[in-house]
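What follows is subunit A paired twice: with subunit B in the first complex and subunit C in the second.
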Partner chain A sequence: VNSDGKPTKFQPPPKPVIIDKRRPQEERRFLSPEFIPPRGRTNPLKYYMERKDMIQRRKVFNIPEFYVGSILAVTTADPYASDKVNRFVGICIQRGGKGLGATFVLRNVIEGQGVEICYEMYSPRIQAIEVLKLEKRLDDNLMYLRDALPEYSTFDVNMKPVSHLDHEEVPVNKLQVRMKPKPWSKRWERPQFNIKGIKFELPEEKMKAAQKWSKPWLEFDMMREYDTSKIEEKIWKEVSEALRK
Partner chain B sequence: SITGVCQAIQKLTRVRVVDNSALGNAPYHRPPKCIHVYNKAGVGKVGDKILLAIKGEKKKALIVGHKMPGPTMTPRFDSNNVVLIEDNGNPVGTRIKTPIPYILRRREGEFSKVLAIARNFV
Partner chain C sequence: MMPLWTKSGKRHAVTLLKVEDCHVLKYISKEELGGKKAKLLVGGKNVSPFYKSESNTKLFREAGVPYKQKVTTFDVTDDALLKPGTPLYAAHFRPGQYVDVTAKTIGKGFQGVMKRWGFKGQPASHGQTKTHRRPGAISTNKAAKVYRGKKMPGKMGNIYRTSLGLKVWRINTKHNIIYVNGCVPGHTNCLVKVRDSKLPTYKDCNKNPPFPTFFADGDEELPEDLYDEEVFQFTEPSVTY
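Here is the complex of A and B:
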């Protein structure tokens, strides 16, 4: 009871933050894919110098962790926009390029019109990158969203950021997308694309006929092997130490 | 459109008229097609003027978005969008609901009237 004599308003107890102390609380390690050098015979000095520049940029400007399938909001400096800034919200459908030329493509459907913008991650024109929803999808490349029904590419421009804990694993959205009727821009049912995120409503004969183009020997091809685990370890140590300073 | 992506807008590309003009939105058994691009190269990008064949008539139009990827940081649209225009540059329609790229503002002098009727920018 209050000092006034009136009963106090019921304050619900604060929600308990469940920290499972049995499992080791490791911070999730994420090395952005553009740090990993491509396979080739170029001098590693070139990649070292590029990494130095990338780290320099990241010290000044925060590029958050995101994956293909996360929803981002990017504000760029645009001399032709009113307020000189241009904000675009979209789902990341592709991350390409290595080094300073790394790009990511955001897609959204505005007023019934599908729009895609390819942003350069290290461009000085970018003022802010905000992750509204951090999640992964079943595929690394969501280009098939162009041929999917537009509801799967529409995202609210004013959506609020969805919070995500640092130490938990990134949630994988096992959404199976429904497609517009064929013809599509690419024959996504073919095994070369290896797409798991589409609900194919094609007849069985078409799916079997698509398997004619499968190359089951490719996964055993030793000349195509590129083991990046050791390179990643080295680069992760280098980058995390440099960013911590 | 049914054919795959090619070099932005050139002769015989089917386009989509995005303003609210009567000529652009009236149903016709043939889609509006480009018959000439006012350019040294025959390929039209955002901000180029083209000649359309709509409903058996010839009409000039301004390209406001195409399916071909352009320079980075510029938007790429899922359809080839076009705004009908008179010979002196005045737009035929009164409103454009589809998003227009900000790049068009570079030539504010020529396209001021088209930019004035546009609602959304990307």
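Here is the complex of A and C:
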């Protein structure tokens, strides 16, 4: 009998999940987001030419798999540095651009000063990209780290790479970040940003008032749907075959 | 548009232009024109003849070439004449050369004076009655008339404009694509006229052009991609200083 006093409903036993560990599990696929062409009226030949150049660059220079929230170390060629190379360690807060102009922004706090550097993935000046810690976060865009407490953006410049096995799933860090007092650079509590990684310590009325700007019809808008599954399949085949050669 | 890096690490923005089924249509000698230079009519993209007017059908039939969407004229010297019906390819241009690109600009429709001519308009507040984007005065008292060509609202865009002195960085001979520096007038996938630059600084920039044009059935075997010497090719390792 339940604590409510009502008789408990019969729960059937859960079905057993059988994981066959003898065969090698399906390989985890990762297609870098800049390969997927945006919706538009451009000739697909343009994206094909760009992809050829991108594959060519990836054959010579290794661009590892990483997500927003992973910690990277990038060494670039710098004519004005004493060693002619410049190494920067930071957390990836944003991945933007499509094709050859794809970029990623790394953030770190060095001696109390927050520094963000936007690198172009296919620029020939980049000598090496190492992934020190491969992980995902709850959001696709971590721009709110600018308004979070600095401890969440500080990473040791000499940190050792954390090992990650190839076949394991990418760990999701469910960290909820604490913010500096308002005003922030953007009103992150508003539903348009859809941020899950902030521990909002605002009063209930403020959170409810922010929901006034919600647009619940957007998820049902059919014109905004862009189904990339078929395009991704084709491009994944093309890219993996070309890189295997 | 695409980025392109040079060997020194500098980044340039590049427009891709595809040469689609270009054929020479007609030769008009300089005697007929009464001028100094002869003209060659060149036709662009292939289209279906059923949706176009019949005035040009005779021209295409005589050249033995499918119906083209656009016909342009090029001024040529007597030694660079071509037989009507010869196809033209992207390899006609070489990397390191400078070109002028002409196209119809994006049409913006009927626009006011602030967008069309860049007038400053009037302030948004402080007593302005119904006047925020108007031209203001259009002439002086003494003139007692409005001069011809006064900048006023009207249809903006959809006119031919030329970008001069654009460098050719790379040519793809397999797909007939020219990589041209900077931006080019016109919307995406619009028809564009590419011509050797007439600017005096680039008069002698083309050292060894394919003269009179590049013939695909000739002896010359070109590699798939032709690059300018300064272009960073992705087969090379990263740039160091």
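For the reader, a short list of remarks on this structure follows.
As a working rule, the second predicted complex is superposed on the first by the 222 of 245 C-alpha atoms of A that agree within 3 Å, B and C clash if a C-alpha of one lies under 4 Å from a C-alpha of the other, contacts with A are read in each partner's own complex, and residues count from 1 in each chain.
The criterion applied here is as follows: a contact is a pair of C-beta atoms (placed from the backbone, for glycine too) under 8 Å apart; a residue touches a chain by one contact, two chains touch by 3 or more.
The structure presented is a predicted model; accordingly, all values stated were derived computationally and were not measured.
With subunit A as the common reference, subunit B sits beside subunit C without any clash. When both complexes are overlaid on chain A, the residue A:Gly99 reaches subunit C alone and has no touch with subunit B.
Contact with both subunit B and subunit C is seen for A:Asp78 once the two complexes are overlaid on the shared chain. Once chain A of one complex is fitted onto chain A of the other, the partner contacts of A:Asp4 are absent, as it touches neither subunit B nor subunit C. In the superposed pair of complexes, A:Glu225 makes contact with neither subunit B nor subunit C.
Of the two partner chains, neither subunit B nor subunit C is touched by A:Glu168. After overlaying the two complexes on the shared chain, residue contacts for A:Glu120 are found with subunit B and with subunit C alike. Of the two partner chains, neither subunit B nor subunit C is touched by A:Glu205. By the touch criterion defined above, A:Glu27 lies against neither subunit B nor subunit C after alignment on the C-alpha atoms of chain A. Remark: least CA distance from subunit B to subunit C after fitting both complexes onto chain A is 10 Å. On subunit A, the surface patch touched by subunit B in one complex and by subunit C in the other comprises residues 78, 120, 123, 125. Residues of subunit C touching subunit A in their complex: 2-3, 5, 9, 11, 16, 18, 172, 175, 177, 188-189, 232, 234-241.
Contact residues of subunit B toward subunit A in the complex are 2, 4-5, 18, 65, 69, 72-79, 81, 97-99, 102-106, 120-122.
If you check the complex, the residues on subunit A that touch subunit C are 40-43, 45-46, 49-50, 53, 56-57, 60-61, 77-79, 84, 99-101, 120, 122-127. In the complex of the two chains, the subunit A residues touching subunit B come out as 76, 78, 80-81, 86, 88, 103, 110-120, 123, 125, 146, 183, 185.
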